[in-house]
Amino acid sequence: MEDRAWLQAMLDFEAALARAVAPPDAAEAIAAACVADHFDVEDLGISTADYGTPVPGLLKQLRAKLPEDAAAHVHRGATSQDVVDTAAMLVARRALAPLIEDLQGAADACAALAQRFRDTPMAGRTLLQQAAPTTFGLKAAIWMSGLDEALRQFRDIRESGLAVQLGGAVGTLAALGDGGLEAVSAVARSLELPEPGLPWHTVRMVPARLACALGEAGGAIGTVALDVVLLAQTEVAEVAEAGGEGRGGSSTLPHKRNPVGAIAVRACTARVPGLVSTMLATMAQEHERGAGTWQAEWETISDLLRLTGSAASALREVLEGLEPDPDRMRANLDATGGLLMTESVVTALTPSLGRGRAQELVEQAARTALEQGRPVRDVLAGEPAVMDALGDDGLDAALSPDNYLGVARQLVDRALEARRS
Amino acid sequence: MEDRAWLQAMLDFEAALARAVAPPDAAEAIAAACVADHFDVEDLGISTADYGTPVPGLLKQLRAKLPEDAAAHVHRGATSQDVVDTAAMLVARRALAPLIEDLQGAADACAALAQRFRDTPMAGRTLLQQAAPTTFGLKAAIWMSGLDEALRQFRDIRESGLAVQLGGAVGTLAALGDGGLEAVSAVARSLELPEPGLPWHTVRMVPARLACALGEAGGAIGTVALDVVLLAQTEVAEVAEAGGEGRGGSSTLPHKRNPVGAIAVRACTARVPGLVSTMLATMAQEHERGAGTWQAEWETISDLLRLTGSAASALREVLEGLEPDPDRMRANLDATGGLLMTESVVTALTPSLGRGRAQELVEQAARTALEQGRPVRDVLAGEPAVMDALGDDGLDAALSPDNYLGVARQLVDRALEARRS
Amino acid sequence: MEDRAWLQAMLDFEAALARAVAPPDAAEAIAAACVADHFDVEDLGISTADYGTPVPGLLKQLRAKLPEDAAAHVHRGATSQDVVDTAAMLVARRALAPLIEDLQGAADACAALAQRFRDTPMAGRTLLQQAAPTTFGLKAAIWMSGLDEALRQFRDIRESGLAVQLGGAVGTLAALGDGGLEAVSAVARSLELPEPGLPWHTVRMVPARLACALGEAGGAIGTVALDVVLLAQTEVAEVAEAGGEGRGGSSTLPHKRNPVGAIAVRACTARVPGLVSTMLATMAQEHERGAGTWQAEWETISDLLRLTGSAASALREVLEGLEPDPDRMRANLDATGGLLMTESVVTALTPSLGRGRAQELVEQAARTALEQGRPVRDVLAGEPAVMDALGDDGLDAALSPDNYLGVARQLVDRALEARRS
Amino acid sequence: MEDRAWLQAMLDFEAALARAVAPPDAAEAIAAACVADHFDVEDLGISTADYGTPVPGLLKQLRAKLPEDAAAHVHRGATSQDVVDTAAMLVARRALAPLIEDLQGAADACAALAQRFRDTPMAGRTLLQQAAPTTFGLKAAIWMSGLDEALRQFRDIRESGLAVQLGGAVGTLAALGDGGLEAVSAVARSLELPEPGLPWHTVRMVPARLACALGEAGGAIGTVALDVVLLAQTEVAEVAEAGGEGRGGSSTLPHKRNPVGAIAVRACTARVPGLVSTMLATMAQEHERGAGTWQAEWETISDLLRLTGSAASALREVLEGLEPDPDRMRANLDATGGLLMTESVVTALTPSLGRGRAQELVEQAARTALEQGRPVRDVLAGEPAVMDALGDDGLDAALSPDNYLGVARQLVDRALEARRS
């Protein structure tokens, strides 16, 4: 499937080039012959090994399908790199469509979760330790912000970050005489790709930008999947992936419901950073065509598009079917007997006692509670300084997660509002 | 020096936070104490090991410098990650200034080379084989295009791609009660950093975008340095770096003039892709704070800023002092006895003979010339079909590099024109 | 500190070389002058920028400390790369000593945990879901196996994987006339480093093997730290790191006891894979000396040694102080009401019912238990086929984790036995 | 093809497991059914997406091919990871065979070149500048040393670095009762793979070592290809790859003979470091099975085996057909008019003038020669101090590359000798 996509994209380039530089009859004949299904892919593979690029074999097959006078106009003015680089742009544009759609779907699902669980408290965890309460809505909104930023980058790239490459043997388009600039414009119009200011055969900012955007998206996607895997742990159990016949089952453990979607995401995104480093490391390309560095890009960019695309699709499915469990979130919040609320108590005590003393006192109470296995409320209630400052109700209020969500709701509202407009 | 930059940036955050949330007197006292020179860096290092971040030790020292009532307002509402993440933004902004200046200088030097050598033919080389003529001006203009694109990205990032991080323990700013949103705005204004829509403590698009832009710039810079190293080879000798007392000398080889600037660039840029992959791989951060993944960013982003900055500075120096040798370029163009011009001859013969036959004939002549060590002109002149089609003058014209530069000059002019406007 | 280590190592090379090739008096004078403390490090930094290596500046300072007749013998026959490459070997050997000691300490601590908790059941977790019981002893023994393999590699490298580099300008040792081979042997003996069969200036297997061993060790270390972080989660709480004044505290959350040791490990090991990729990517070095690729190795290998060393040291501390909580392990095992034991029940039922039917029946019971929130024992006890096959006692036995630990104990015993011998 | 190799390897594991734990009749039936050709690969792909591993789908198909009583014994005691990990070992072992053969062939070709060109002087080049003479034989011998070291590692791995993985759900082999250790031994014997001391499901030293060996080999291979590309440059032309119908031709430049073999090598090896970093970064696997980290290994290790294998095969072809040009090597040596021999002259003058004065004088002569475009011999001959010390013949001798090859020949002889024994 991927081989076919590349093959058709190379043929699309040849067709567009023919329309730009060949007489109309020849151009139409060439364009009509540029249909991937009619080509022998296996034979192409063999000639690729001989020439180091798929282009000579492709041209041979294409010319063989044409009358001699049309065949003479095939590939005029272009070099192998023009074909492959422009084809990469077409392959990327086609791959970006479902990727953008899936990322959009995933971000929409986050927005829906943020709205629906706007007021649902849960434990916020830093360094994997419960730290202070947050809401599941805020968590989902923050997930969303990463996906939306990735989306913004892909839309920019689809709009203006791809570019035709057409330079001929060394970038001067010499084989087209004075017609070089015109031909570039015509090919760009025909393929609906931006026209670059200069050929980019050895200055690889275009594929590098694409690779990095895929890398950044992989990070934004992967961090959501990591959170899902962690929240789905048996001992945490605050979310589950949607079940379904067979989904997530184990070959030997009948009761397991594994977060297979999130794991699939992570299996893809874990492979992205290394591939991005390859795209960056091969940017140093020799003179007018890289000797191995350029060729290393082809499968790497394909892999990046495929892996990020799969990850986005799997994440969308995970998020659209995600089953959060607010009761379990509440139970986990309560599990430490109030220890999670110590920052809140410090804050409540600070006006009366000063921050230094408040912190010291609460730290001591937390330690006592931990050591003696008592709820921290009991320990604090035994401290006259605390009761003087807060009283029973004040202490309860200071220990209630719902009272210590800060601006979580406002942040969610603002983010959803900004997104709608 | 780098440690100091981080330290001051963290203190700048604390000063800005104090101005946002503390009473005016306390805020001024705190801000006045936030001077890196007055801090004990060694002691900070020790406490960093204990706490896993430099912040507790920093706060302890800062509070010790203040009267108790001011000390109580230090760091209010913030968490360690807020300090370090916002400090990273300030460190980055400061590092971007010389980086942008050096990249600008390097790109300007390319523009000057493109203008000055607009009409200077040289061998274009693909896969490190001479392929067809180009101009040194076009080569320099293409170098420029990569540097300018890197510049564009850095300017965007400096303008809108950095952002304050302030979220408190878990992103809700709970310790600031209702004042959280206001505090973020105030800190952003005070530090002249953009205010983010949401805290970004575990969705790392901001540092990832910065890292990738540094990676892409490293590629754009490194490919120029590679070309310089290759052009400076003893056997090619088309450019030399500016000499100078001691520059480029060898400890044992008195005659050598090594391209030390370009090599220094490559020594930096070769290390960038691996570091970018680290930044991307650590984007998957757990819950409300990464457990090791976040901490791995700090030195990595420092290294990326330092290496890319050094590379840009060294490249600028290389380009500003570069000594191209047009005579040697001409001599190298002529060294293959016209073989480099075969595409030109094919193009010239195509109207008369058709492309297929023209190519076949010229390919045969090239092979004969190579095998017999004769200039290709002699072989071609012995072919009646060639002489019928072109005549002596036509053959000479077809073999002259100056006549086969395509749109090299127009591309340079267009690129320089676009750059000026 | 690292700069000094490199400086002294370079001087050690010059001293050894002098002893190998200079007259005894000159050699002694040179060796006596080779003391890092007497050199001006700042000045070295400046000349490094001019020459692209630290060696010319180093030699200038060294010669200035010597009478003219001794100075004339400094560095005879060697090139800059000989100095830096051999110094890298010495730096590595010195860094390997504490690294090996800490890894040994960490592996010993694992062995002690394996012994002590040999019979302590805990939940085994696959894909972060409880899957079936294992023992903490087996987990610790498996951790140990990775650390021991890393140790084995480092011991091999220290024994035979480092090597003197001495080849002169291009590897022929021409400046030493016929004395080249002899000089290599003498320097190797003097520095107690292996003598290589051939100089390795551009075939970088020696530093690459070292880098990869550090990378593999980083993985073996990092996976232990990940397990510790996961086991220390508030909701799991099966291990804690040793506390202590200030250790693991939070700047705002008084009750937290963060697994700072394990996080420090992860902050180091997360940076290792990218650095290894740099070492591998720069192995393609040009001709007789890499033009930027070689120079990129220096700080990279230093970083790798430092990060892996810090990770090993921190892991050792974590493991030596680790506080496992067998009660909590048991509680977590029981938390799913027996679901974890379903594989055991399938195994127990298989002789009577056949595996297919046993699995189907247990899977159904698990689903019912999950849906109705009942212990799986109750559901199974209501199945006549189960009771016929196992009876009450048999069902209890099949549901007891202690009866379903397979060969965990034997594996631990065997591993500890093998380790002792 | 790769998918089939994995499928068959997984089936080989199931067959070996059946022989180890099932009754003889069932075992034979299972083994007989384990033939990849009889499985529906497309259906497997679909079920892989549902379960996150290919194993449940594989087992379903396998069981469907068997009578019920045999089907009940399929996969007994094992978990998905056992199947995939052990299959990876089998896939690796099969891939190592041609890889080792090709590396051996490439190293043998180097040995032949080292022998044949033992006495052929050529320019040694540091930082891509001619530095001093060496021999092509020494260069080839150094290439050989890297390939031989890679070979040594692969042979070690094939011998003892692969290992059966069989641990059951969480490593305890509980489903096999007391028979677990026995089963591991039997499977290991059956598959002729080493038996590990402990299961290695989450301590990934085995695949990491394999990946790193592939990475190191990629570097050793890639550096040879880089040298070939550089030596084949039009302006250097000291080697050419073997031609042949179509090999190395260009789609538009009839005269070009590109070093397509070396470029193919580089296109493969450039992708290896990023993939190795992925293998190292995913070593931190969670508890008893990695959640995404493990799954990311599968295609990565396949890619590494395939790319390194292709690179070795292409390099062997390059080296077996390589056409060095000793005349051109000599011509390049002479091209700088003796500048390359300045170290030799310094060495020759040192006994009379002292090294300091000798170096100064020769450096000055080199500078004069460069500035005035004169042969350095003329300049040196005008220096009375030089003529007094060396005389005409001595100067000629000092300027002759053949007299300044140091121990190049001895190094080659010694290396070839060591290799034979």
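Each chain gets a letter, A, B, C and D, in the order it is written, and its residues are counted from 1.
By definition in this document, contacts are C-beta pairs under 8 Å (C-beta built on N, C-alpha and C of every residue); 3 or more make two chains touch, one makes a residue touch a chain.
Note that the structure is predicted; figures quoted are calculated from it, not measured.
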Neighbours of chain D that also touch chain C are A, B
Among B-C, A-B or A-D, the pair whose interface repeats that of C-D, with over half of its contact pairs matching by residue number, is A-B
Between A-C and A-B, more contacting C-beta pairs sit at A-B
Hey, how far is the Cα centre of chain A from the one of chain C, in Å? 31
Cα centroid separation, chain A vs chain B, in Å, comes to 24
Pull out every residue in chain A that's touching 2 or more other chains. 52, 79, 125-128, 131-132, 168-169, 175, 225, 229-230, 250, 252-253, 258-260, 263, 266, 269-270, 273-274, 276-278, 281, 291, 343
Inside the complex, what are the residues of chain B that reach chain A? 52, 68-69, 71-73, 76, 79, 81, 124-128, 131-135, 138, 141-143, 145-146, 149-150, 168-178, 180-181, 197-200, 202-205, 208-209, 212-213, 215-216, 218-220, 222-223, 225-227, 230, 266, 269-270, 272-274, 276-278, 280-281, 283-289, 291, 343-344, 346-347, 350, 354-356, 404-408, 410-411, 414-415, 418
Once bound in the complex, which stretches of chain B touch chain D? 123, 125-132, 229-230, 232-236, 250, 252-260, 263, 273-274, 277, 281, 332, 335-336, 339-340, 342-343, 346, 359, 362-363, 366-367, 369-370, 376
Sort out for me which residues of chain A touch chain D in the complex. 47, 49-53, 55-56, 59, 75, 78-80, 168-169, 175, 225, 229, 246-253, 258-260, 262-271, 273-278, 281-282, 291-293, 295-296, 299-300
